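Naming follows writing order (A, B and C), and every chain is counted from residue 1.
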């Protein structure tokens, strides 16, 4: 198999694409985590708002990524390039993140919350000391799903001018070059697996060992 | 960039509709094949003799989901050429994973005591599967099929890149010519298809679920 | 002291009162048991005392202060709260669980740590073994103990306990009850205790409050309730073995005939009980020794004689049956 040789022969180009790819993914990840974890926590307090926000994120998630890229690209103020790519990918990460934060915080065992209230914890203490720590396993599941998702869908940003690993695949198609396609696919997959692995390590650090036995870890 | 309502109406009424049937084929054929493969595979893998394999197979599926959809679509075409066939093959593989995963999870999370009780009443392992394990896994399996269907409807857009046509043709045309009217029209039809297929699966799930699980 | 004045509670959407015009008082150092079938309102009453529920009308005073006028968090921190599901925080170690209220109250870490160890010891757990463990690593009985230790962490004068020993098997439950009673001898807390188990109620309670469908049916000491049940409902709650239950609560000295010297036939037979022991024990001794009477002693001295006839008469009297 020669995808390996393709990478060696075009190393600087592949490296450039890979760097662009990962910088896009990391930008999107940082923004998504700060927006959507916050949003998930907010809507956990307001049930009606929650169902509206979650339905909206579900609809967004059902729109093909290429359409979303295309529609934003043609909107005034966006156009080709990174800004559009970042906005679309952040929107895509909304569903898994908001949903997992919301469900994680909401599905905390009622008797534990009751015990906390009964001992005199305020609502915000219950959120900080009970709900969030107990929701971490589910939140991390959502984070890991979205990391893999963002890394994969970022390839589509090549159609709106991003020079990333998607370009290897796209050009591989136009040139009928299987090595190029496979090289791109492998690097994207490895990148996704690596990011997932890193998130798994962070998860181990953050999630209390008392919760390890639960499914969803 | 401006939005031309006339162009949009024309796209909605004339340009997009011919792609509907093609797109449905790109979804329904792969889904059908994927279900036919994934269900029996999931069932076999959860049988006592093969159960030890399921963590490894799940790991393969998990890794498989990290391959970007664009790459899955692209990967067969250098060998099989342009056209419907490679696109359908790629979409089938893509559709397969969520169904197989959920089938395995669904069946293997049926509580052991329920199966034990069924065996205790004298059911054969075939009867346990047919009357206990499968009915109780219907929600999980159907949710896998649902996930898979929604994914396939939107991934099928990419088939246009390898000559597989479908609604992707009009969306990529919109991107290449900077015409949001075309992109929007294609997206609306795709959204409608996703909703329609999802509703259909929900209905099927309701029909197949054991009575006590019906909402 | 806890005082409820004409408390009612109607949950939104419910057609009947969950708690209907209830008044009572719990004296300092007493265990007051709320007893009744599920849905009788006992848990709701308990939860209104620390304002986990708000009464629809009426007032609750704790040590003379109207609870509806104080900050709920502070109020709850000043009372221990134990529930059947225990509700230990699974993501925190046992040490962090027991130290929760001190943490909320802003105690110094060192003081908290000492207090946690002391309490675990009091509750019959080995601190060194459990402090670093997480709740899921403990047995049901151990978790219940930790739940009680957690409630006692800041040494609250009042404890609210909702079926605190309900989630463990009967043998462990009896042991926990015994241990808790001997702790109570020492600490003299004011305790509201919810249960649906008549045996537990009789055993734990200084005072019983019997509820049905939100109404107060009877209140009184266990022996009052057993000897003069208010109505058919209380009678059915007590069950068929009312006489035996009474014997469990009656001290030998109350039924004995005073006597100075040991009768000859009991000399050296080992056929004796202590005056404060329950009559039920005297029956056991009689059966074991195949005798129809036992000597009743106060420490070393014989003070009376308890015979099968006395006991039978007593049972018949309290059951209202003719001899």
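Remarks
Basically, a residue touches a chain if its C-beta (ideal position, glycine included) is under 8 Å from a C-beta of that chain, and two chains touch if they have at least 3 such contacts.
Keep in mind that this is a model prediction, so the values were computed, not measured.
Distance from each chain's C-alpha mean to the overall C-alpha mean is smallest for A. In terms of C-beta pairs in contact, A-B outnumbers the other of A-C and A-B. At the far end from subunit C, in terms of centres built from Cα atoms, lies B.
If each chain is reduced to the centroid of its CA atoms, subunit B and subunit C end up 59 Å from each other. Averaging C-alpha coordinates per chain places the centre of subunit A 53 Å away from that of subunit C. Between the CA-based centres of subunit A and subunit B the separation comes to 21 Å, rounded to the whole angstrom.
The touching residues of subunit A, when paired with subunit B in their complex, are 59, 61-67, 69-71, 73-76, 148, 151-156, 159-160, 166, 169-170, 172-173, 176-178, 181-182, 184-185, 188-189, 192-193, 196. Taken in their complex, subunit B has these residues touching subunit A: 1, 63, 65-72, 74-75, 77-79, 150, 153-155, 157-158, 161-162, 168, 171-172, 174-175, 178-180, 183-184, 186-187, 190-191, 194-195. Contact residues on subunit C toward subunit A in their complex (touch as defined above): 50, 52, 72-78, 81, 83, 85-93, 100-101, 104, 134-136, 150-151, 160. Within the complex formed with subunit C, the subunit A residues making contact are 109, 111-122, 125, 129-130, 133-134, 136, 207-211, 213-214.
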